[in-house]
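Two complexes are shown next, each including chain A; its partner changes from chain B in the first to chain C in the second.
And then the complex of A and B:
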C-alpha cells in the first residue's frame, strides 16, 4: 500500500514538473502518444485541431516515448500549432498511473488501449466495427462525430 | 426552426467541454464537507441568474440539503446576515466585473466563508480576486446580438443542477429524504407507496 502511495506521489510530482516546464495552461492540450497502436496515434494527430477547438486551446504539447512516433507526429500536417517533447517510457507510465488514479486534467489524452486493466478500447478495436479513427474522435477526443479530415 | 435548437445545443455542448472537471469535483467535495459540518451552500446572483439560483436552492432543499439564495443587490442591504462562518458561497457573474458582485465578493472575503466564483471570463477583477473558480467558455449567447443572458444562464443552470446531483450522490442520499419533503403533486402520489 505504501509503495503504491509513493508511486502516485511520484506521478503527481512529475505532473507538477511538466506543468512548470512546459508552461501548461488552459490554452494548451497535451497528447501522450504511447505507441501501443500506431494507427491510433496517427489519427490522434490527424484530428488534433478538432480536439484543440473542442477544448478552446491554441497550442498542443505532444509527448512521445520513441523516435519513430515523434517523427510521425511531426509529419502530420493537419495537426496545427504543436510542440513535440520526448518523455521516457517509464515516465509516461508513471504519469498515466497517476492519471488513472486521479484525472487531473480534461486537456490531457493518452493513447493507451490496454491500460489500465479496465480500459476497453483495445477490445473494442479488436472485436467490434469501431476503427482507430472512430476511437480517437469519439472515445478519446469526445468530438461527437468523426469530422472529415481537415474539417474544423 | 429545429436548426436553431441544434445550434444552441452545440453551443452548450462546447461550453460544457471547457469545464475543468477536477475543479468542479473539488467544488462538489467542498460543498459536501460544508454540509457535513452543519453549514450551508449559498448561491448569489442577480438579473437573469436569479431564477437559476432559486432552482438550485429548490433542488437542494427538496433533498433536505441546506442551501440559500442571496440576491447580490439585496445582500448589502441586510441579507448578508444569512451568511455564517463556514458557509460555502458561490457568486454567479458572467463577466466577473459587475460592480455589485465585486463589492459583495470583497465584503465576503472578510468573512470566514469558502468563496467560489462561477463565470465565463478568464481575465476579470473577480477571477483575479477569487482563487476558487469555475470558468466556462461560451462562444455565443444564441440571441440576435450575442449580448443577452441566454446560453450563459442555461449553462449556469446545468452546472448548478449538476452540482446538486453530485452532492446528493456523494452524500449517498436516500429517496426517503426527498420523499419526506415532497408529499405534494404527482411526485408525492408516486412516492406514497414507495
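And then the complex of A and C:
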C-alpha cells in the first residue's frame, strides 16, 4: 500500500508543477488527449467550447502525447482559445493514476476509455448505441445533451 | 451523502437556525440531487420551506424536487436580494457560485455546505478501507467482495433477480456480499445470497472503495451498480436513459455481463399464510379485499394528501379495507386507514394476501413487483432521471419485473388521476 501511496504522491507533485507551469486557474480547463480512440479525441475538440461554457472557462489547455494528436487538436477550428502542450506518455499516465484516485479538479478531462479497470466507456462504445460524440458530450463533458456542432 | 457528511450538514444548519440566520430568508437550494432532497428534509424539520430548487438543466426545470418547484437561476426575481439565501452542496459548486456571483449575489448570501475531501483525507480513507478488507479476509478468506454501495432497495432487488444466473455463469462458490442498511439486508435475504453482511457505517463503503481505487490489485472488489459516482473515471451513469440504456439493461450488461436472454427472476416466497392470517385479523383487514396504499417515496414525486384521502374514502365505500405502508411517524397513515410497517423480506406475501396495491413508484414497488395482486403504480410525468423520464427508466414492465401492473403517469395538477386509478381497481 505504501508503494501505491508514493505513486499517488508523485502524481500530486506533477499536477502541482503543471498548475504552476501552465498557470492554471478556475477560468481554464484542461483536456488530456490520450490517443486511445482518435474519434473520441476529435469530438473532445469539436465540443470543447460547449465544455468551456459549462465550466465558465475562457481558455483551454490541451495536453497530448504524440505529434499526430497535437496536429489534429490544432486543426479543429471549433475549439477556440486553446493552447497545446506536449506531455510525455509516462507523465500522462502518472497524472491519470493520480486523477483516478483523487479527482483533483472537475475542469480536467482525460479521454481514456479502458482504464482504470472500472472505466466502462470503451465497452459502452463497443456494445451499445452510444457513439464517440455522445461519449464526449454526455460521458466526459456532462453537457446533458449532444449539441449540434457549432451550437453554443 | 454519506452519514458522517449528513451529520456535518445537519450540525451546520442547526447552528444557523439556532442563531436565527435562516429565519425570514428566501431559501434556494442549488441542484436537483439526492443531497438537495436531504437538505430539504432537514430544513423542513425546522419548519422552513425552500422557495425553489435551482438547476441549470433545462430538462429538470419546471419539475419538482421533494415537492419544491425547480427553476433556473434566471427565473429568480431580484437574485441579489439580501433576503435570499442560496444553499450549495454539489461537486459543481465552482460553476454554481460563479453563476451566483455573476448575478451580483453577495458571498454572504451563499451558504456553501459542500466540503471537498483533501488528498490526505482520501489516503486516510484508503488506509481505513484496508483494515475493513483485512477484517473481511480474516472472516471469509481471500474471496471476491461484492459491494452494494447504495441504500436503494430497488437496486438490491434487481441485483437479487440476476444473482442466481450470475453465480452460475461465473461458477462463483464463495464470496462476501456487503450492504449498507437493514432494509437492503432484508431485500437481499429474499434471494439465495451467501455471506451477507451489513457494514456498520455507510462511510465504510466509501473507505473500501477508496482502498480499491488506490490498490485495485489487492482487493477483489466488485461494485454492484452500473456506475458509482465515487469511481469518477467510469462515466456510464451519464448514459442512463439514453438510446435504450434503461435500468435492467444496464445492470444485466454492465454489472453482470449476462446475455440478452437473461431475465430478472423473482425469488420464491416463503409460505407465511398462517402468520399473515393472524396479522390481518389483528389489523382488522380482509384478506383479498384490502388495498395497501403506498403514498411515500424518498426520491420521486409525491401526490397531495387530498388525493389519497379521497381515494381511501371511495375505496371504503366499495367495501375494501385499507392500510398505509408506513415506516413510522414521518409517514402518517392516510385518513381512515391503518398504518402497517411491512418488513421488506415478507412484503410480497403481505401484498398477495391483501390483494390490491396502489403506490407511487419507490423501491418498495420493485420488491412487491412479483406479488400476485392487482397493482397500480404511479409516476410523476415530470420526474426525470438522467437522460429520460422516471417512467421510461423505471417502469416495471420494461424492467422485466412484471406484466400485470397498471402503471400510470400523473401531472402535478392531474384531475383525472383519481378516476383512472379507480377504473383500474374496480
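To be clear about the criterion, the second predicted complex is superposed on the first by the 152 of 152 C-alpha atoms of A that agree within 3 Å, B and C clash if a C-alpha of one lies under 4 Å from a C-alpha of the other, contacts with A are read in each partner's own complex, and residues count from 1 in each chain.
Keep in mind that, in the parts below, a contact is a pair of C-beta atoms (placed from the backbone, for glycine too) under 8 Å apart; a residue touches a chain by one contact, two chains touch by 3 or more.
Being a predicted model, the structure only gives us computed values, none of them experimental.
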| item | value |
| --- | --- |
| Fit or clash between chain C and chain B when superposed on chain A | clash |
| Touched partner set for A:112, first chain B, second chain C, both or neither | second |
| First (chain B), second (chain C), both or neither touched by A:66 | neither |
| First (chain B), second (chain C), both or neither touched by A:128 | second |
| Partner, of chain C and chain B, that touches more residues belonging to chain A | C |
| Touched partner set for A:54, first chain B, second chain C, both or neither | both |
| First (chain B), second (chain C), both or neither touched by A:103 | both |
| Shared chain A surface residues [contacts with chain B and with chain C] | 26, 54-56, 102-104, 106, 142, 144 |
| Complex contact set, residues of chain C against chain A | 57, 59, 91-92, 94-95, 98-99, 119, 122-123, 126-127, 130, 213-216, 218, 223, 226-227, 231-236, 238-239, 242-245, 253-254, 387 |
| Complex contact set, residues of chain B against chain A | 13-14, 17-22, 122, 135, 137 |
| Interface residues, chain A side, partner chain B - complex | 26, 54-56, 102-106, 142, 144 |
| Touching residues on chain A, where the partner in the complex is chain C | 1, 4-5, 8, 12, 26, 54-56, 99-104, 106-107, 110, 112, 115-121, 123-124, 127-130, 134-135, 138-140, 142, 144 |
